[in-house]
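Should a chain be cited, it is by its letter among A, B, C, D and E, assigned in written order, with residues numbered from 1 in that chain.
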Amino acid sequence: MSRKGFAVLALVVALLPLALTNNYTYEVAIVVGLNAIVCVGLNLLIGYAGQISLGHAGFFGLGAYGSAILAARYGWPPFAALASAVAGVSFIAWVIGKPVLRLKGHYLAMATLGLGIIVAVVLATEDQITGGPDGMAVPPLGVASFVLQGEKLWYWIVGAVLLATVWLALNIIDSPHGRAWRALHGSEVAAGAIGIDPARHKLTAFVLSAASAALAGALTAHYSGFITPAKASFLHSIELVTMVVFGGMASTFGAVVGAAILTTLPQLLTALKEYEMVTLGAVMMLTMIFMPQGLVPTLEKALAAARRKPE
Amino acid sequence: MLEVRGLESRYGRIPALKGIDLAVSAGELVALVGANGAGKSTLLRALSGVQPASGSIVFENHDISAAPAEQRVSLGIVQVPEGRQVFAPLTVEDNLRLGAYRRGRDRTGASLDRVYGMFPVLAERRRHAAGTLSGGQQQMLAIGRALMGQPRLLLLDEPSMGLAPRLVAEIFACVRALRAADTALLLVEQNARAALAIADRGYVLETGRIVLAGSGAELLADESVRSAYLGL
Amino acid sequence: MFFRTLLAMGTLALASLVQAQEPIRIGAFLSVTGPAAFLGDPEQKTLELYVEKINAAGGVLGRKLQLYSYDSAGDAEKARAYVKRLIEQDKVDVLVGGSTTGETMAAVPLVEAAQVPFISLAGAVVIIEPVKKWVFKTPHTDRMACEKIFDDMRARGATKVALISGAGGFDRSMRAECLKVASAHGVQIVADESYGAGDTDMTAQLTKIKNTPGVQAVLNCGFGQGPAIVTKNYRQLGIQAPFYQSHGVASKQYVKLSGDAAEGVRLPAAALLIAETLPASDKQKKVVVDYKREYESRFKSEVSTFGGHAYDGLMLAVDAIKRAGGTDRAKMRDALESTKGYMGTAGVVNMSAKDHMGLDLSAFRMLEVKKGDWALVQ
Amino acid sequence: MLLRAENLSKRFGGVAAVQAVELAVESGTVHSIIGPNGAGKTTLLNLLCGIYEPDAGKIVFGEEDVTGYPPHEFASAGIGRTFQNLQIFFNMSVLENVMAGGWLHEACGLAAALLRPPGLARAERRARTEAGELLTFVGLERWAGSPSDGLPYGALKRLEIARALAARPKLLLLDEPAAGLNPTETREIDQLIRRIAERGITVVLVEHNMKLVMEVSQRVLVLDHGRKLAEGEPAAVSQDPQVIEAYLGVEAC
Amino acid sequence: MSAELVQFLLAGITLGAIYALVALGFAIIYNASHVINFAQGEFVMIGGMAATAFVDSGLPLPLAAAAAVAAATLVGLALEKLAVEPARNASVVTLIIITIGASILLRGLASLVWDKKIHSLPAFTGDKPIAIGGATLLPQTLWVLGATVVAVAALWWFFNRTLTGKAILAVSHNHLAARLMGISVRRVLMVSFGLSAALGALAGILIAPISFTSWDIGVMLGLKGFAAAILGGLGSGPGAIAGGLALGLIEALGAGYLSSAYKDVFAFVIILGALVFLPNGLAGRRAAERV
C-alpha cells in the first residue's frame, strides 16, 4: 500500500505542472506542498503516537523567523540559516517536550496551545528583531550569486522536499519506532509491558513533527520573501490539526490530502464572499460528524468493501 | 413476568451473548452462575438497556427490546451493578434519592424510610460522601439505591464481590428478604454455591450461552457444576 | 449581497461583450473578515459602490470597470496568494488594497516583480519609504499622525508623554514611529505600555501610567475596540492629562462606544469625519460630503475614513488611467506618480518621484470630541 | 528464585487491595494465583510488572531489586505480561502487534528508522519471520496479515500471549488467559501454557478456571481480601477447607 | 495596601469573574460529556451581540438580556443535538475539530445576521466611577461581580439542591450507574449544553458595556476560559472559578508590575508550570487507573 501510494504521489507531483496554468496556480500548489510537509510530520505525533498538539504553528513560526532573522539580521548564508533554524527548533522541542509530554489529553492540548501562543506573542512583540505584527522581509534562498526564485523552480523544490518527507515518514512508520508509537496509541499500558518507554517515544514523535514544521516554516519564509507572526498563531495551529484530522489520522497520504483540500478550499470558496466562513465551518463539522476517521481512511475502507463484494 | 428470547450482544466484533433464552416469573429468585467472562454481566446490562443487544425482551407484556434504559427503569427493571458503582462524591442520601429519579417526588420519603429501616447504618451516615463508606456499606447503599426505584424485577450483579464472609452472609440474608417481599430477582454470582442455595431456579452460563438450567438444588448437586467451579 | 455581486458581474460581462471593449480590471485584496474587518469591510463596500457608479456613468475612457476582490482576512500569506491570483489569473490592470501594512508588504515584492501599479490602503510609513517604483498609498502615514499629535501636545505645553498601544500591526508600527520622531518634535516618552488583542480591561496599564511621575499627555496607538476600552478606563481612573487617540479610531463608532468618556479626546483625522461642519469655503467639503452621502444612503451605516481610503485609491487609479489614456502599466504608473492637486477624502494629493503618498500634515485635521461628536480644533 | 516479592502492600483510598503478600517464584515453574473476585489478584499482578508502585515492600527479580522501576524497565528486565481485559493494539495488523512486542530486541537508531538502510531492512525481515513463527506457535498463523480488530475473542487472547513472548521474557505474567473462552479454547490455552513452560519461561498465572490451574501449576497461591490465605501444591490447596470456603463461599444459612 | 495594588486587584477580579463564567461553561459540558467545547466563546459573543441587537430594536435592557440568554441557550441546545450527539463515539481530536468548526460557523453566521462592527450595551446603572481605597471602579464592574456571585450561587443550588442537578453530577461521576438509575444521559447532555450556553451569554451581556462586543470576540474569551478551566482542573466547578480568578489576577498583576506586552505570556507560563507540577489542575482529582 505505502510503496504504491508513494509512487502515485510522486507521479502526481511530476505531472501536476501540466495542469498548472500560471504562477498563481503554482503558488497554490506550493502552499499545498508546504502545508503537507507540516501535516505529514504532525500526523506522526497526532495520528501515530496519539498525542495532540495545538501549538505546532509555534514551531512553524520559530523555524520561519529563526531562518529569516539569521539570514536577514545576521547575514548568515540562507542555507546555513535554514539548517540551523530547523536544528534549533528541534532542540527547543526536545527540551520543552520532556515535561510537557507527561500531560495527557486535554491538558496536553492546553499546554501545547499555551506554548504556541507564547511564541506568537514574542514574535509580535519583539519588533526590533522580528518586525512586529506586520512581519519582516526574508532574503531568498541561494548560494553566492545563485538565487532560488520563481514559482516553477520552487514548485520542484517543495515537491522534492515533500516527497522526501513522505518517504522518511513512511520508513519510520514501518520501523520499530513507528510500531512503538502505534503501540503507545493503541494501549500505553500494554506498550509499557513490552518494554516501550512512553516518554522517550512521545518525545521523538514530538521532535520530528516540530522539525518538519520548522522546515516548512523556513521554506515558506524564504520562498515568499516575507513572514508575519500570523503563521505562528493559534488559528494556524488549529488549521494544521484540522488538515491532519480531516485527511485522516494515522494516514500519511491522508495528511497530504487534508492539506491539499483545506488549502485549496478557501481559494475555491472566494466566490461565496461573506458565506465563506459559514461554508468552511459547515464543511469541517459535517466531514467530522460523518467521517470521524477522516477522508482517506473512510474512502479506503469503502473502496476495500467495494472490492470485496464482487468476489 | 420476564421473557427473553434469542438475545445476542457483542463488544465490537467480539460476541458476548450468543442467543440467550431465559424467563423469570413474578416473585421468583433466579440465579445466573458461570465463570468470569461467561457473559453474566453483559446479560444483565442488556436487560437494563445499557448494552446494545438484539433479540426479544418482553417484560410484563411490554415488548421492551428497543426501549431506552430510562423507560425500563420506569417499568420496574432496576439493576444493582457489579462493583457497587455508587456516586462516590455524593452523599448517601443523594445516592438514594437518585435511585428514585424516575419515581414521583412524593413517594421518595416513604421509600427512604424503608431503606433506612432495612440498613440502619445508611441512616447513620446519610450526610457522608458515599465514597467514604466501607465496601459492605457501599454494597448496601447500591442495593438501597436500587430499591428506591421500587423495582418489580431487581437485577443483582455480584453483590458479594470483595466482601468479607460475615458481610457476604448479611448481603445474602438481605437478598432472601427481598425475595419474600414479592420482588422478582435475577442474581448473578460467582459465589455459586451460596447463590444456588437460595435460588428457586438457576441458569449456568458459558461463553455467552446457557448450558444448564434447573432448580437451585438440582444445579447445586450437579457434578459438572461442581467441577467447573472447583476443578475437582 | 453575494447574488447582487454575481448579478452585477454578470451584467458587466454581458455589457463588455456587446461593447467588444476589454473592461478595465481593478484588483483588490482586503481584510473583509478577521481582526481588521472594520477596515476591509467599508473599503470593500466603497469599491463596489463606486465601480458600479462609474460604470453606470459610462465607465472610464468608454471602458467599463471590472472589480476582482478577495478577502485576505488580515493574513499576509493569503494576501500574497490573492495578489498572485489577481496578477496572474485575473490579469488586473491596477491593484488597490492591502487593508493592513502586513498584507501590503507581503504584496510589494510581487507587484514590483510583475510591474503592476499598486495603491495601498494601509498606514505604515515603510510602504513608501524607501520609495518603491510601483507602490503608492492613500492614507496618511502613522509617522504623520505622531508628528501632528506631538505638535498639538507641545502647543498645549505637554512635553512628557505616555504611550499605550495595542498588539496589532497598526498599533505596533505607529508606536515605533512615535518613539522615533518624539525627540525631534520636542517631546519625551516617559511611559510605554501595551495591551493584547481581545483584552477587556486596561486599568492595570493605565494605573501604571497614572503613577508615572510627570506625565503631561497620553497617546493611545490602536484601533478596534481596544482604544474605546482604554478611553473608558482612562476616565474611570480619573486621569487628568490630555488624552489623544490615533487616526485608527477615526470613526463615529469610537465616539459611540466610548460614550461620555470620549469627551475632550483629540485625534488627527481626515476632514471626512467632520464633512458637514466644514466651512463652505473649504475646498475639500464637496468631495467628503458627496462620498459620505453616497455611502451612508447606500449602506445605512456611518461612514469611516477607512472607506475613504478606498475611495481615494480607486479615484487616483481612475484619474491616472484617464491621464495615461489607457491601461498601459508603465504609463499608468507615471501618471500616478505625477498626480497633482487631486482632492480626495484624505486631503490634497501631490505625488512625486520621491513621495508616493503626496499628503502633507495639513491634510490631517486635529479633531476633538465635543458633545458626542467630532469638532475641529481651532 | 527468579522472582521474590517481600511484604508487598498496596492501598487505594481506604481499601487495602494487597496486604503484606510474600511471593517466591522458582525458575521454570508455573505459579498460579487464585482467589475470589476482588481478592487482589490483578492488583498483585500489576505490582509485579510495575504498573502500580507498592506502598510498602520490595520486588527482586533475579539479582536485581526492581522496586519502583517504571513498567518498561520491568519489561526490559525480563518480565512480560498479558491483560485480563484485552490490550491489543487495534491500530495495527496481527503480525505488527507481535513485531511491536519485539521492540526490546529490534530497537534501532532514529536515523536508521528514517532512512531504512539495508541493515534495518534485513533486521525487519528477520523480525517479520520471528513474529510469524510466534504466531504459528500460538496457532494464529492464518491471521497474520489481518487487521487485529477482525479476530475472534479467543484468538485475541492468544495474540496477547504471542506479543508478550516476542519480548523474550524470562517471566511471563498471564492475567486470566482463559476467561471468556469455551472449553475447547480453554484446553488449547492449557496446552499453550505448558508449551511456554517447556521453552523455559517461568509463568505466573492468575486464573479462575480451577481445572486449568490444577492441571498446569506447580504451585498455587490463594489470595483472599488482599492477604495470602494459603500456598502450596495444587492438590493440597484444593483440599484446604479455608480455601473452599473462601472460594465457593459459605452456604448462607 | 497601595492604591495601585487595589486597582490591579480590582481589574484582576473583574477579568477573573468573566473568565470564571466561561470556564464554568467548559466544566459543565466536560463533566456531562467529556467534550471540550471550543465553541464556548461563541456563546459569549452571541449573548453580547443578541442583547445589543435586541436593545437596538427597542427592547428594554432586562428583557433584551433575557431574550439574548434564551437565544444563546437555543444555540447551545442545537449544537448538542446537531453536532455533538451524532458524533458521540468520535475521538477527542475529532470532537475538538467539530466544535472548532461550529465556532467558525457561528462566527460566520453572526457576521451575516448582525454585522462586523463593534457594538456596545449601555451600562446597567451609569458610568460614574466609584472610589475604593484610592482606586476606582465602574458600577458595571459591581454588576459583573454581583451577577457572577449570583450565577455561581444559583449553580451551587442547582447542583446540590435539585434532583436534576444531582442527576448531572451522577452522570459525570458514573455514566453507567446513572443510566441504570433511569437518568437519561441525552437529557443531561441537553441540559448541560443549554446551561453552559446560558452562562456564556450571561458573561457576554455583563461585559458588553465595559469591553463591548463584536462578531469575533469569542475566540479570545473562549481561549482564556479554556485556560482557566484547565488551570482549575477539568470538570471541577470550584476549580473553574478558582482558575478564572487566578488567571484574571495573574494577567492584571503581570500587566501592572511586570510587562503589559508580555502579560499573556506570563499567564501561559504560569499555566504551563502549574500543569507540569499539578498535572490535573488546581482542584483536579487523580482517577485511579484500572487495568
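In this text, a residue touches a chain if its C-beta (ideal position, glycine included) is under 8 Å from a C-beta of that chain, and two chains touch if they have at least 3 such contacts.
Since the model is a prediction, treat every value here as computed from it, not as a measurement.
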Chains contacting each of chain B and chain C, listed by label: E
Farthest chain (mean CA position) relative to chain A: B
Remotest chain, chain E as reference, centres from CA atoms: D
Interchain centroid distance [CA atoms averaged], chain C/chain E, Å: 36
Whole-Å gap separating chain A and chain E, where each centre is the average of the chain's CA atoms: 31
Chain C-chain D separation of Cα centroids, rounded to whole Å: 72
Overlap residues in chain D, where contacts from two or more other chains coincide: 13, 51, 83, 87
Multi-partner residues of chain E (at least 2 other chains): 111, 219, 261, 264, 291
Contacts with two or more other chains, residues of chain C listed in rising order: 33, 167, 194, 196
For the chain E and chain B complex, residues of the former touching the latter: 163, 166-167, 169-170, 173-174, 176-184
For the chain B and chain D complex, residues of the former touching the latter: 12-15, 35-39, 131-132, 134-135, 158, 160-165, 168-169, 172-173, 176, 190-194, 197-198, 206-207, 227-232
Chain A partner contacts - residues on chain D that touch it in the complex: 49-51, 70-72, 74-76, 80-81, 83, 87-92, 96, 99-104, 106-108, 110, 112-116, 120, 124, 127, 160, 163-164, 166-167
Complex interface listing, chain C residues touching chain E: 33-35, 37-38, 41, 167, 193-201, 203-205, 207-208, 211, 224-225, 228-229, 232, 235-238, 253, 256-257, 259-261, 301
Chain E residues touching chain C - in the complex, by the definition given at the top: 4, 7-8, 10-12, 14-15, 18, 111, 115-118, 120, 127, 129, 135-138, 207, 210-212, 214, 216-217, 219-221, 251-253, 255-256, 260-261, 263-264
